[in-house]
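Before anything else, here is the set of structures, which you'll find just below.
There are two complexes below, and they share chain A, which is joined by chain B in the first and by chain C in the second.
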Partner chain A sequence: MNIIEFKNITKKFGNLTANDNVTFSIKKNSVHCIVGENGAGKSTLMKILFGVYRQDEGIITIKGKEADFSSPLDAIDCRIGMLHQHFMLIEDFTVLENVILGSEITRNIKLDFDKSEKILNEYIEKYNLDLSLDKKISELSISEQQKVEILKLLYRNSDIIIFDEPTAVLSPIEVIEFFKIIYQFKIEGKTIILITHKLNEVKEISEYVSVLRRGKLVYETDAENLDIKILSKEIVGDVDVKNDSGNYEYEGEPGVLAELKNINLKKNKLNVLNNFDIKLKKGEIYGICGVEGNGQNEVIDILYGLNKNFTGDLNIHTKKISLVPDDRIKKGMIKEFSVGENIIIKKKNLKSVNSKSILKAANDVIIKYDVRLPEVNAPMESLSGGNQQKVIIAREVELDNDLLIFSHPTRGVDIAASSFIHSMILEQKKKGKAILLVSSDLDEILKLSDRFGVINKGCIVAEFEKNQFNLQDETEKTILLESIGKLMIGITGEQKN
Partner chain B sequence: MDLISQIISLTFLAQVLRLFTPYFLGANAANFSERSGVVNIAIEGFMIISAMGYALFTIFSGSAVVGFFSAILVGILFSLLFSLFVIKLKINQIVAGVGFNLLMAGLVKFLIIFLFQSSSNTPRFDSLPNIYFLENIPFIGKVLSDYIILFSFALIFISNFVLFKTKFGLRLRSVGENPEAGESLGIKVRLYKLYGVIICGFLASLGGIWLASNQNSFSDGMIAGRGYIAIAAMIIGKWKPVNIFVACIMFAFFEALEISLQISGTFIPSQIVQMLPYLITILVLIGFIGKTKPPAADGIPY
Partner chain C sequence: MVLLVIGKNPFEVFSLMFSDVFGSGYGLGQTLFKATPLIICGSGLAICFHASLFNIGAEGQLNAGSFVIGLVAYYLSGLPFFVAIPAALICGFIVSGLLGLVPAIIKVEKGVSEVITTIMMNFIILALINFFLIDFFAVKSTVHTEKISDAVMIPKFSDFMPMFQGSSLNFVFVFAILIAVAAYFFIYKTRFGYEIRAVGYNDTASKYIGIKINKIILSSFFIGAGLTSFVGMNFIMGYKGYYEFGFSNNLGFTAIAVALLAKNNPIGVIFSALLFGFLDYGGLTVNTIVPKEIMFVIQGIVILTILSVDKLVEKYYLK
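Here is the complex of A and B:
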């Protein structure tokens, strides 16, 4: 039985057609993935379903009735819930306050905290969410914050749940936990719509898949007939996904560019780095993989000179360091500024800043790195995530520095842009730059690194050389991945006993 | 020695409490507005216009009670006008606030000259009635019998309860912290901002009325920056009613001390003594400002 039917949905924003005559349906109690590149129209379509936007043409029917939502409230009344890509949480409120807001339980004029607590604790237990209700959001990790959002949906009894790229911010282990929650939802009889562009996840969890490309529905399949190769071809269309078979080896003189030895760092009396050691060499990519919040950001801060309160030896033989930060919107750019302004702001020895030089800086990058944007003076925030990231990486790379730090370079970026970014990073390696790659995406680490370390509780707990992880044999590969996964969450051989 | 015995006297305490009242009303007024995300530096202007309102309506009706309710109405009407500018028309809140303060100062001056042909003050008028059976307690009877002073003490608990224990308070705070999140859950963001500003207008006008009622006359410049001190007390109190109470008591204490010092006569030049409360404001702000955190969406039009 179809719980939701989209019929000929068209939505235009000015000249851009975000959804073009999209027709498909979603079966009750299924896990339905909607995949496509950034800007393919997935989010727009879901926002129409959730009442954020209104379609220009077409009809949506929900549970057999035509839906005519004028705001998300109507959708919530229809028991539809949406987990947004950017969380809608109030930092200074507790978990409890965030969840009950808007649907409070009261006794007389007072909020009934006890009763709401009881209800929420039941959900927390049932779905194994592991949250404490009286903590403030600002104290929670990203994955915990996501759980708060999930708790909000549960509290409102949503039975159709839309997830907008839920795993983009999660580490591999957190993804597994997240999938468990989804399975539980399915058992409960809920319908799940998942927007994603991670194909391995699609393969793992979906029962039905719909592919959007440039606003059009181009391909549909179910789990049985799912072929990742066909799927990825349908997502990208005729564009070539750049293959990384090229030679990116550095052939110059080797040398150590930076060395961190026995670095210890305390934050709020807690050890965030414990005898941390790494060596960064010319023409080599060193990967750090780990669950977020295990000291990765602190290492970057120390290398980049933002934090000097550490003990231990730090030897950096260069002052020319580039950084592509993890949070591109907060740390990587000034979102109200144009592309050109964002590039020129970091240039040294600039004689004058005027509209001409800004335009030139923008055009150089736009052409060289194939950045797509509405118009050259548009603010950075109007670009898609992938294009924003291209601009930031281009800026850092063009500075021609000796040491490059990439933190989660492809987070929330679609396939085509990801592979472009990967080749940008590899180009730099070939030029002899020392590169530090921090990522929670294990595939990315394995694909790009020459060496990598697994970080847990502020310490590199294991290091792997290329010949150790560049395996062809599938079973060996699985065993390796499993052991890395365990290292990431801190399960060592000894603790097993 | 003389000064110390003066400070620990009940008269001094009564003086502190009297100075405390307008500060605390003003600071709570500002807090309700800021908790809903509207920076309202027009507290001063609200106090001026409602003090004037009390003066006019008491003089022309001959009844302090009529004057009281009319002045409250005046305060609320002006807060609605302020809301029109900052919530509906989304004018920059600081600019609107400065505009209001200047407008009110000018308006009352005009009214005094126009209505009473005096350059600086109105004729005398009645004070608000007191709780008569408490009035005769020695030293502090005048304070204990004052409805507005008693209300401002109750306000510590009322503010705290409304902001942190009720549905209304939760929603009000949510629009000051993250209006997008509030709206996604169906909260009418602008309506709650309007509530915040109206409560602000109400409390600020109580402060203005109290000052006018106690001086039995409205004079130009009588609010004397109390609206700004109130905002400083709110910031020092980190937007929390109990802390705001402490901050207001502190300001009131130093102002009472200043008065005592002036009366007792010291070798310190009087100008320096008069600076004392403001100097303390600046020092405390320097010491505390780094640690205070306003509501996240404070001052951002929505």
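Here is the complex of A and C:
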């Protein structure tokens, strides 16, 4: 039985057609993946379903009835829930307060916290969420915040749940936990719609797959007939994904550009960095992999000169440092500014800023890096995530600095843009830049780095050289991945039973 | 509606307002005269607001600056006007700016919201001015300073254009327009203005982009507060010839509404200040048939209406 039917959905933003005559249906109690590149129209389609946007043409039928939502409230009434790419949480509220916000249980005029707490604790136990309700959101890691969002959906009894790139912010182990939650949802009879870029996840979890490309529905299949190769071809279209193994080795003079030695840092009386050591060399990519919130951001802040309250030795032989931050909306850009304005804001030598210089800066980047946007002067927030990321990376790379820091450079970015970003990073290495790559995506670390360290609780717990991890043998590779995975969550070799 | 409730014919009232304001050079002149300080102060506040600094302290800042302008202009009366006027303005700017720096420093150092500190600064500054004025500088048994010499007075429009006969409109109005244009240029066309807006939109990103946020907060507060001092020019050099306690009549607060109505765009500030000037003077003209309080109500309603219409238009555009 089809629980949701999209019929000829079209949505335009100015000249940009985000959804072009999309027709397909979603079966009840299924896990349905929607895949496609950045800007393919996945998020737009889901936002229409959730009542955030209204389609220009076409009809959506939910549970046999035509849905005419004018706001997300209508969708929530229809028991549809959506987990957005960017969490909608109030940092200074506790988990409990965030979850019940908007549908509070009251006794007379007083909030009945006890009752809500009881209900929520039942959910936490049932889904194994491992959350404590009285913690503030600002104290939680990204994956915990995601769990809060999931708890919100449960609390509102949603039976159709839309996930917008949920695994983009999760480490491999957290992804497995997340999938367990999804299986539990399925057992309970809920319908799950999953937007994702990661094809191995599609293979693992989906029952049905729909592919969008440039706003159009181009391909549909079910789990039995799923072939990753066909799928990735359908996603990208005629352009083939560059899987280049070109020579990116730096041939100039080697040298250490930055060194951190015995760095210790306290935050709220807790040690966030413990005797942290790394060396960054010219023409080399140093990877840091780890579960988020183990001190990665603190290391970046220290290197970038934003945090000076640490103890230990910091030797940096350059002042020219570029940073692609982990959270592009919060740290990387002014979302109200246009592309050109966002680029020019970092060009310190440019004294006057006029529309001409802004336009030039924008056009240079748009052409060179194939940025897709509604129009040149559109604000950054109207670009899709991948295109925003391209702009930020282009800005940082074009500054021609000596040390480049990339934090989760391909988070929430599609395959084509990812491989483009990866080759950009490798090119910088060839030019002799020292590069620090921070990522929770192990594949990315293994693919790009020359050396990498595993970070856990503010300390590099193990370091690997290229010859140690560039393995051909599949079994050896699996063993290595497993041991790195264990290091990431803090299980060291000695504790093995 | 409100007028009907109190038993007056709204058409009569509004037509009287319009004919009084636009029908005579005097009425027009008075409207522009009333708009002048709002343009200046609104432009200064627009700069603060662009940095997301909610400066409620304009009332105090502009009074301090104006007080100083009045004093300096008086004591330098012997000098030629092209020295005395700039000197007075610079001193006023610096004093207002420095007083603006106090809440900015507290914010930067201790993270205290500028809203609270600027309100408190208003009380402090106004009380201090009162003290200095009464105890040292005021003409006996008045609350104003000594009159400045005619040489440093700004010419009135009516000196050149007879149609403005009797109106206090003076060339500070032109100066105010220039300030607004300069503020516009500063905010939208210079690198510094860019950084101010960036910080206002997203201070975390600005920090990571490499903007010195503290510098931006301090300087936009200094410049914004400093500009408010020029308000005194209109009253002192263009009108009475002395600083008088209470001349501003809550202008520093009205200017907040002026700036916000213009969405902090200084060019827009010119127009929203003109609207406020119109409502203000227009309200006076119908004073005989409508109580003043009712005119305040109508002013408020007009502004609320404009704001909501604006949102409606915006919404319509997005759809």
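Just so it is clear, the second predicted complex is superposed on the first by the 490 of 497 C-alpha atoms of A that agree within 3 Å, B and C clash if a C-alpha of one lies under 4 Å from a C-alpha of the other, contacts with A are read in each partner's own complex, and residues count from 1 in each chain.
Definition applied: a residue touches a chain if its C-beta (ideal position, glycine included) is under 8 Å from a C-beta of that chain, and two chains touch if they have at least 3 such contacts.
Here the structure is a predicted model, which is why all the values come from computation and not from measurement.
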>> Going by the contact rule set out at the top, does A:V353 touch chain B (first), chain C (second), both, or neither?
In response: second
> Just chain B (first), just chain C (second), both, or neither: which does A:E336 touch?
Replying inline: second
> Regarding the shared-chain residue A:I345, is it in contact with chain B (first), chain C (second), both, or neither?
Replying inline: second
>> Just to be sure I read the superposition right, which of the two partners does A:K319 touch: chain B = first, chain C = second, or both, or neither?
In response: neither
> Of the two partner chains, chain B (first) and chain C (second), which one does A:L101 touch, if any: first, second, both, or neither?
Replying inline: first
>> Between chain B and chain C, whom does A:K308 touch in the aligned arrangement: first, second, both, or neither?
In response: neither
> Once the two structures are fitted together, what part of chain A is touched by chain B and by chain C alike?
Replying inline: none
> How about chain C: which of its residues touch chain A in the complex?
Replying inline: 189-191, 194-195, 197-198, 201-202, 204-211
> Contact residues on chain A for chain B in the complex?
Replying inline: 71-73, 76, 84, 88-93, 97-98, 100-104, 106, 109-111, 152
> Mind pulling up the chain B residues that touch chain A in the complex?
Replying inline: 165-167, 170-171, 173-174, 177-178, 180-182, 184-187, 293, 295-296
>> Applying the document's contact rule, which stretches of chain A touch chain C when the two form their complex?
In response: 304, 306, 323, 325, 330-337, 341, 344-346, 348, 350-354
